[in-house]
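Look at the two complexes coming up: subunit A is in both, with subunit B in one and subunit C in the other.
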Partner chain A sequence: MKMNWMTRLAFALLPIIASLAITALLITLVGSDPRAVFERVFEGAFRNSTAFAGVVNFWIPLVLCSMGLVVTFTAGLWNIGVEGQMMVGAIFASWGAQFLALPAPLQVGAEIALAMAGGAVWASLAGLLKVRLGVHEIFGGVALNALANVWAIYLISGPWQPPEGGSAQATRPFPPDAVLPSISNAFPVSLLGLIIAFLAVVGVALALRGTRWGLQLKATGKNPRSALLLGVPTTQSALTALIVCGVLAGAAGSYRALFTYTSLRPLLTGGIGFLGLLVVLLVGVRAIWTPLVAFAFAVVLGGSTRLRVALQLDQSLAGVLQSTVVLMVLLANGLRRRLSARRSVEAPQPTQTAVDFKQEQTAHE
Partner chain B sequence: MDIELRHIHKRFGAVHANNDISAVFHSGQIVGILGENGAGKSTLMKILAGFQPPDSGVILLDGAPAAYGSPEAALSAGIGMLQQDPLDIGAFTVIENFIYGSHLTRREAYRALSAQTERLGFDIDPDALVSTLSIGQRQQLEIVRLLALGVKTLILDEPTTGISTEQKTLLFDALRLLAKRDGMSVLLVSHKLEDVIALCDRAVVLRSGCLVGELDAPLTTADLVQLMFGGELIQQKRKHPGTGDVVAALEGVTLRSRRMTVEPFTLRIRASEVIGLAGLDNSGQELALRACAGLVKPAAGRVMVLGEDMTGKPYRAFMQKGVWFSAAGRLEEGLIAGLTLTEHVALVADSRPLLDWNAARALTEAKLAQYQVRGQPESLVETLSGGNQQRLLMGLLPEKPVLLALEQPTRGLDVDSSQWIWTQLLDRCDVGTAILFTSPDLDELVAHSDRLLVAFAGRITEVPDAASVTIDQLGRMIGGAFQ
Partner chain C sequence: MRHKVGLFVLVCALLSVVALPALAQDEFVFGVVLVGPENDRGWSQAHYEGGLYVEAVVPGTRMIYFPSLNPADAPETTLLDVVDEMVDQGARVIFTASDAFEEDTNRVAKAFPDVVFINISGDDALTGAAPSNVGNLMGQMEWGKLIAGCAAGLTTQTGSIGYLGPLINAETRRLAASAYLGARYCYETYAGGNPNDLTFTVTWIGFWFNIPGVTLDPNEETNAFYNSGADVVISGIDTTEAIVVAGQRAARGEAVWAVPYDYLGACEEAPEVCLGVPYFHWGPDYAEIVMAVMDGTWSQDWEWVGPDWSDINNPDTSAVGFIFGDGLSEESAAALEDFIADLAAYATNPFIPPSFALWSGWAGPLVLQDGTVLAAEGELVDPLDVWYLGQLLRGMIGASS
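Up next, the complex of A and B:
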């Protein structure tokens, strides 16, 4: 069943090379030069500190959602509702930004805490629907996503309408004291956001590796029936996993509202939650690799914003590349599984068990 | 259609499920295929019906060798099998289920269905959803569907489990008609002796994968039991009903599952007692066992543990009281594929919020040595052999539980491994643990139980004098024959 490191390396690199090749082919088909495209993307991401800040500002909410999703995937849950949890986080943060008036150092902290609570509430709704009423978290999540979006639109066009009128695309910009400050003008990234993202990565990795809670999540995710018989509180595991993910998604939402846009607007999540699902699928739910892969995604997305200007290509090309990578990785995993299954079948089964059987018997003598 | 099986072999790993089986089934006869759980009867019938190929051996249909690799091919050769859980589609109507596999138009199908049901005395509404039918009606649908496909040989796997007495009468009348008037071969897989005696012209008995005998009607319980269980007497080791305190009790409990109802019964379990629950599949003993651990909620009555009413509480509450359950399917219920041995040990070792992997590893190594598990602490649990998995499960149980509810504790283990497991279990009994267990193996039940209960068709009865019961007598009881 085990493969040597060469094969494993090949299986890791193959999908990336294949997806680059497919994307290059697509670019050639629409009449552009793939090399120029890849160069522009790289340039777009790294040409100066402002461009790089764009990448980091995308990475922070993405990595927050992804770490949350690592937790829910470990518990065997498909938390599609992560987008809605982000949105509700943004709504709660926006409420704080508009209506709370605390001393400066507390203000922003309180807003983020509110956002985390909002995300947690939204996630636990999906959780309660699942454990109490048997609604699958995917369906519950989709419904709650739609509700969160409608709620945001209602607020923007209703109670939180800016003075200009009801056709506005966003609330009035939040007061300067209520938003996250930049590190510098040349590198507009929030230090607090970076710190929270870093803590999320370390915290989730440690919690999954070194706590009973993490082990119980893993047991619940792999086999809830057995986990229950081994004394794991499986319902509680599922609920807490969702709540932790909600907290992190809420923080991600607050970053979008309090830093990226400094206002509440519809579709403010920008699909980052769904992208997080792809990131986590890609790394196979391993916490350590998540920030790196999230970073690669952020580079491609951040870098491709300049494609239109430079090459008259739509920036959705970035999405094409990402989706191809995910498909290729899933394909490679499937191939690998089939290959190792065939190998274990090729080994003559009866002889193997006969040996086991014998060993077992001698063990008793 | 005459069917002849010649030297059929089938192995699953180390298990020789069918060992050189040769038999002839004549048209116009109803033949009972008898045997304990795991005797190989279902395997043999699945080979005959094309669900799986034999490793070696030949099937002759009317004297000509038949080669078919699928149920579909078997059907066109005229052999159809009615599964224990009918293979129908609940969301479809009766007529839609009736049509699939056939080339009938809808109108022809209505006509064919009503002709068949009328002739056999069945009563099914063609437009009813299959999910609204009883199991008996679904069997009837499956039978007429197979007949419409031109089946000449009908195999039925445990058809009388979960159906009412009237439906059973109807089914038996229909089968007699098919065999006697239409000249079909009917093969009835069963472990209910009374059914086989009432219906069959002949019985073929399997034991541990071998064909051990054939009997012609008139069939008697004594002869069948003798063949099924071998009838040899084995040493009875422990026969002393407990005198300790009652640690757990089912008081006037009624249990319900989708398939059956267990009639109200009372069971009081005393410290240090070993109680065996005998019964054929789906007779109610599995439900009773699970009810003791809170895994099945009683429809009526009370579940008591250490004097406290635990009715309706979750399994975790039972665990905290010292009641542990262990299921027959080790990797389905018990162990967690994808987790290492150390992770399993860490999961149950204590309840501290932070894990100490070094300590967990050391503890795992100690347990592996103590319980003779051949495996590394970091191996994934699914890489262990069955015996090692069972020993690991034993190692995960607490040292002094109040009650162990064990479903087939030695399933799939060889004699030595089973013996070893029982030594461990009885050691725990000596310090006060009570054990309640089910087993398909009558030897095991008779050898280890202080008290015996027999489940038959949802009735649970205590064997009055467990100390002197023989395997023959127990075999008769689980087949429904009490003196």
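Up next, the complex of A and C:
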């Protein structure tokens, strides 16, 4: 039996309201005014176009990683290596920014293309480790993440070190032609970055919904053995899913290097890939909801900058709110599943397995 | 300069009694951007307390600060975002307290031409790379490291000293080299050892503080020093691992010591093994800059400020100091007093040109690791050659790049 729209809406809003209430309670307990806190976060994100640009600049790499992860999750893969794929993307883009000298319009495009290729290479390494050597993608991913970080630090403190007087904590800032231009001084966001993010959202949503490849990914994700028996090339599906995610993560890394920091820095991925994992799990791997939830995360985190400056509240507060939301959403999802399972047991038709199947199907729509 | 600060503080204090209500209405806000947490008992806390000092001595001022601005701890925000916030809250001078902010400070300063930025410890105001609203500030920690090295040279029984370095750049090389020169000098002059028998090893962890999985673990590296025969470890990183590990090992009965860094109270982590701490006291210089911006007399400058030699631990006048630790023996403490007096006599000697104000220990013969002569016999090293030290000195064990 399908839940009516009111119940569905309630289940969507309940966790948000509950987590706001819990966070408000915590804020009151530490002696601050929760209303002031929420106001500051809101102001921090929407005060003016510059503040909002900060939110968008965090959202772009987050949504790129998240859309990539929608693809790998659909194929049943835990692509923990997304951070490393981002970092390698940033490294490749940085190489282009420092050593390529193309005519202006081609330069930035080539850097981003390099970043996508870098991310894809790193992702396919995790894929090959999995399909050839049987290394689970989580373990392969963790190792490749560490390797990518060490590689970046080696480059920054070694061959790409700035000349004397530089800080040795970043490469020299890239030349103006090699970085992504801002839309304006008042709204410092890269238009190209926005376009790529938009294309990623639409592209992934359409590919998963309406293509043979999307269907194969779903089949592989649900039950690789049966999918293989039914003639789905599961190895190929898994590999292509990882590569697509690598391409998007690489693009995300290039945004951090070519726009946010205009240089290569250690740890410039900042856990955005991991946050992407959270976003995608939270929306139950639904492509359409992913950009919205990513946006909500960007607002809370970006807005909390003001919180720290204005109220000098501990920086972990945004993290507390974020984790409470995650916990509440997971609880609500669990509750909803139990409720609908009970209802369907009470109903004479259809059978339990059919309900489960249908539920998963709706979950993946 | 220091006396002027003292006088100004006094005048301000007097004025505050008379004009407090008026000043309170006209609050002057300044921002401090930290690379680490404000309670790290190291570099960032020293800056945070510098800001508190300004609030205390310059009436009508209020600090706003942002802790842990780095890609790992605050990926959602950049220096531009933080500065935009601070300016929105009324900040008119912003201290960006890390060389990690050097390039970003220039970039952001161009977007806020009416705000004064002070980057610590960059040199862009010296090289001309900075816009005119960016100044630089750094304490002459070379003196502090000479004293730290001396304390280590006086104390070591195994003749082996470890230096726990952060990442490799000119600043960290010159500080490690200063510690080395101090250790050599005191090992020979006071402890009666042959300086060529002294082992001085530098290990670079890769960043200013521990980032698990990315940098070397400073706890492990400190243990590695002690395991391989060193009995004193001098810390060059932002945080307190060296002294914490030394304290743990001393508790197990080992004869080991450590010299922490940056923050006045760093010895408190393990007082009994602490030989002392060379620290920064940013307050007086922060106050001077804030006051200059307040009365409109600030102009771009690259400041590399030495200690107040009449009392290096005077909290109102000295930018760099050294607190003696409980781990120092009585004779060593006396020798160290002597050494500091020698440094003071040298530094304040009117016959030595101020442009060569760094200690005679930085005089020839000094040779870099690859054999390049930094200073021939009897020659002094230009302070800027110290500032831009390109390699470790010959005799030190460790990587130069």
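Annotations
The rule we apply is simple: the second predicted complex is superposed on the first by the 334 of 365 C-alpha atoms of A that agree within 3 Å, B and C clash if a C-alpha of one lies under 4 Å from a C-alpha of the other, contacts with A are read in each partner's own complex, and residues count from 1 in each chain.
The criterion applied here is as follows: a residue touches a chain if its C-beta (ideal position, glycine included) is under 8 Å from a C-beta of that chain, and two chains touch if they have at least 3 such contacts.
Keep in mind that this is a model prediction, so the values were computed, not measured.
Once the two complexes are laid over each other on the shared chain, residue contacts for A:S49 go to neither subunit B nor subunit C. Applying the stated contact rule after C-alpha superposition, one finds that A:T211 touches subunit B and leaves subunit C untouched.
Looking at the shared chain after the overlay, A:L228 reaches subunit B, while subunit C stays out of its contact range. Taking subunit A as the reference chain, the count of touched residues is higher for C when subunit B and subunit C are set side by side.
Contacts of A:S182 after superposition: neither subunit B nor subunit C is touched. By the touch criterion stated above, A:S124 is placed in contact with neither subunit B nor subunit C. When both complexes are overlaid on chain A, the residue A:N333 reaches neither subunit B nor subunit C. Of the two partner chains placed around the shared chain by superposition, neither subunit B nor subunit C is touched by A:Q107.
Across the complex, subunit A is touched by residues 31, 64-68, 70-78, 80-82, 84-86, 88-89, 99-100, 102-104, 107, 111, 122-123, 127, 167-170, 206-207, 211, 213-214, 388, 390, 401 of subunit C. The touching residues of subunit A, counted against subunit B in their complex, run 210-216, 218-219, 222-223, 225-233, 349-350, 353-354, 356-357, 359-361, 363-364. Taken in their complex, subunit A has these residues touching subunit C: 44, 47, 50-51, 54, 57-58, 146, 149-150, 153, 157-158, 161, 164-170, 172-173, 185, 188, 260-263, 265-272, 298, 301-302, 304-306, 308-310, 312, 315. Residues of subunit B that touch subunit A in their complex: 11, 13-14, 315-316, 319, 325-327, 331-339, 343-344, 346-348, 351-355, 357, 372, 374, 385, 387-388, 396, 414, 416-417, 420.
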